[in-house]
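There are structures below to look over.
Across the two complexes that follow, chain A remains constant while its partner is chain B and subsequently chain C.
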Partner chain A sequence: MIELSEERHEALVELINICFGRAMASLAELLESHIHLSVPVIRSVSPEEVIKALTASIEEKDEVTIVQQAFGGEFAGEAVLALPGWTSQSLVAMLTEQSGFTSDLEIDKLNLEVILEVGNIVIGACLGQFAELLESRISYSPPAVFLDRITSAGLKERLTTREMGALLVQTRFSHKEREVTGYLFFFLSQFCLEGLFKAVDRFIEKMS
Partner chain B sequence: MSNLPNGLDYAQIVDTLSQGVIVIDREMRILLWNYWMEAHSRLTREDVLGKKIGDVFPDLDQKGFFWKVRSVFTLGNFAFFSQGLHSYIFPLAATRYLETSFDKMQQSVILAPLRGPDGQVEYICVSIKDDTDAAIYKERLEQSKQQLEIMSRTDPLTGLVNRRYLFERLQEEVSRHRRSGNPLSLAILDIDFFKHVNDTYGHICGDKVLVQFADLLQSQVRRYDLVGRYGGEEFCVILPGAPLAGAENVMNRFRIYIENTPCLWEEQEIYVTVSAGVASSENLPDVDLDSLLRLADEALLEAKSNGRNQVRTWPLDVKTDPAIALGANDPDVIPDDGTIMDSGPI
Partner chain C sequence: MPLSLLLVDDSPFGRKMVKKCLPPGDYRIREASDGRECLDLYRQEAADLVFLDLTMPEMDGFETLARLKEIDPDCRVIVVSADIQPAAREEVMKLGALDFIKKPPSSETIKEAVARVQS
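Let's look at the complex of A and B:
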């Protein structure tokens, strides 16, 4: 488990709040519609708890779509955007009708492309702001998308085997006009916590 | 830039990369076009620099390219086009001509933000990676997977589905029955005195008879029934939606058909008969795979011990009328319920 002092925890919440706010503004500009991100919850979790945290926040018993994106740099980890199965139709409509996304892909592939892109944008916007605030840089791997049942062993394996422990940043994004709800998780790996803490300490110093 | 030794510049390095690099500005004008791009597009820098990328590649808009470009300028994020979804973004010729069905180079493309002196995203670096090899391997892997899947569920002699797949499908049908309540029947068939065929004509002939029997059985069931080889000379038919009487009819029709249809081997006509046991969901309070198999098997044993060349159903006491058991060899005796199709001897 990762030890997180109260001061750092507060600073992280503050940081993430700011960058989520900025990310929301940029997303609204791009999508020409307002996406609401709930106040993030940050906590340190053990590998076994990662899947529990997911199941607890997503009440869906059915399929979830998971967009997974690894990132590296001063702090590295994995971002996961989990969407209940039914949201993809709304997302496709949101991107194509509202914000002019065009593509010659067949419908199945278009659905995946839209989910990937929304995942990439939401994750990229939040992380990008985060890195900017911490005056750090992030490199991204291409996102991957997969469908699974939230309770299934496959999902468990994908999410828990690699990391030793994680700092979980959890938020819920929702959209008023359309039925879109999603959950965003950042798993920050233990290796890079030192780098993250250094950056956070720099931020605390600057603020005080 | 200033960190590089004298005489060396980044443009030279970018030209040595084995991937495409294009830089565009907010007006979509091409500012950089590396050597890889020249080689693969057959367009020189003189051809493209300063031109709008949409004029050089008119199909980009259809691929959501400019939407993602806008997102990179607005959000400062990275954007990706995966080969798996798009195949390609830029219509470049594939560099491999042998063993490939791709005429266009398969690509994964990344859009990365480049910032001006004030920190604003002013340019986008488009990098293009040739993924044709990976796509070819993926395609081959997919083909092998499909072949293996077919092999793993097929009985090599008869071409029917094998026991393993049969049980898988039966389990699925049991689940469907539980959800829908529609009837489900199962028949097990056994060729009578098959050992006699092997002993008289040899095993090669025995195999031929099995193959022809399988084909005939397949041809006589309903379109949505599944026929599989259960073991040696035993076969199974899953009859979704068929009540007990219906399944019994199908089996009886086949029993009479096979009795009168010879299998051919080296210009000899070999006649076989079949015994069958049928079990159905309608007589079972709790339907599961094991009970259906067990009860159909019990009915089959009853058919065998009662003189063979007959169809018996479970529960066994439903039809113990000796007239039917005795008259089982005579097709004219069977259709007293009037539902059996006429396929008597010619």
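Let's look at the complex of A and C:
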């Protein structure tokens, strides 16, 4: 398991808070609405706990849409935006209502594009801010969307981090009027934590 | 007389960042890690300036600000938050905040906030 000192933990929580705030501002702009943010949780998890932590957060455990994006650089890992089934439908409805889209024929394609765009914006804004604050550089792999209502077992198959211990960063967001609740996870594998910790230490020195 | 400050943030690092950005001066600093603690401390003794975070567990910064204004309508609050959505900014200004500073704060923005209260 990954050891995280109290000072690094506090700094990482604050960093994620700032990055997530930026990501939600981008999403709110897209939705033309306000998104409620929750306090991020950061903890070290064993390989077995990675999937457990992810599925435990989602109320409807058997129905989830995920956007998954790997990133690399000084520190590498995987970002996962998990949206319970009703959330992906609400997001698609909100965004298509704004654009006035009416055809049912292309609804699957539209769903895919909308969720991919949401994932891109949320993950990109969050990681971009993270890299900026840590004065580091992150490269991205193209995001992948799994629109089908996949099961916990299916989820396990999709996540490449399943063989590694990870630093799990979890944040939740919600919307007042529509049923929108989502979770953002960063899985950072053990072997790349040294790079992350060096960058966090630089941030601590600069800011405190 | 030292300037009395109340720093409200569930993140100790968040409070540390504000303290680091304070210009040199004579301060009496009290810290609260949530909204309820902030209200308790303010009831015990008013502060010249409150630096308030928005995203906190239990009682968030919006509710804390509204309640602070009920206790003391003249209470001076500057929100320091990562929630940079325009709607969040509008709401806190409507609730009576003096200003909104996005995280991470800079020495300039904190210095301006303190100068505003001192003047």
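Assume the second predicted complex is superposed on the first by the 185 of 208 C-alpha atoms of A that agree within 3 Å, B and C clash if a C-alpha of one lies under 4 Å from a C-alpha of the other, contacts with A are read in each partner's own complex, and residues count from 1 in each chain.
As a working rule, a residue touches a chain if its C-beta (ideal position, glycine included) is under 8 Å from a C-beta of that chain, and two chains touch if they have at least 3 such contacts.
Computed from a prediction, not measured in an experiment: that's the story for all the values here.
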{"item": "First, second, both or neither for A:Lys109, with chain B first and chain C second", "value": "first"}
{"item": "Touched partner set for A:Glu205, first chain B, second chain C, both or neither", "value": "neither"}
{"item": "Chain A residues contacted in one complex by chain B, in the other by chain C", "value": "29"}
{"item": "Residues on chain B engaged by chain A in the complex (per definition of touch)", "value": "61-64, 67-68, 70-71, 74-80, 82, 85-86, 108, 110"}
{"item": "Sites on chain A touched by chain B in the complex", "value": "23, 26-27, 29-30, 95, 99-105, 109, 112-113, 116-117, 120-121, 124-125, 128, 140, 142-143"}
{"item": "Touching residues on chain C, where the partner in the complex is chain A", "value": "10-14, 16-17, 20, 55-57, 81-88, 91, 102-104"}
{"item": "Touch list for chain A against partner chain C, complex", "value": "10-11, 13-14, 17-22, 24-25, 28-29, 33-35, 37-39, 133, 204, 207-208"}
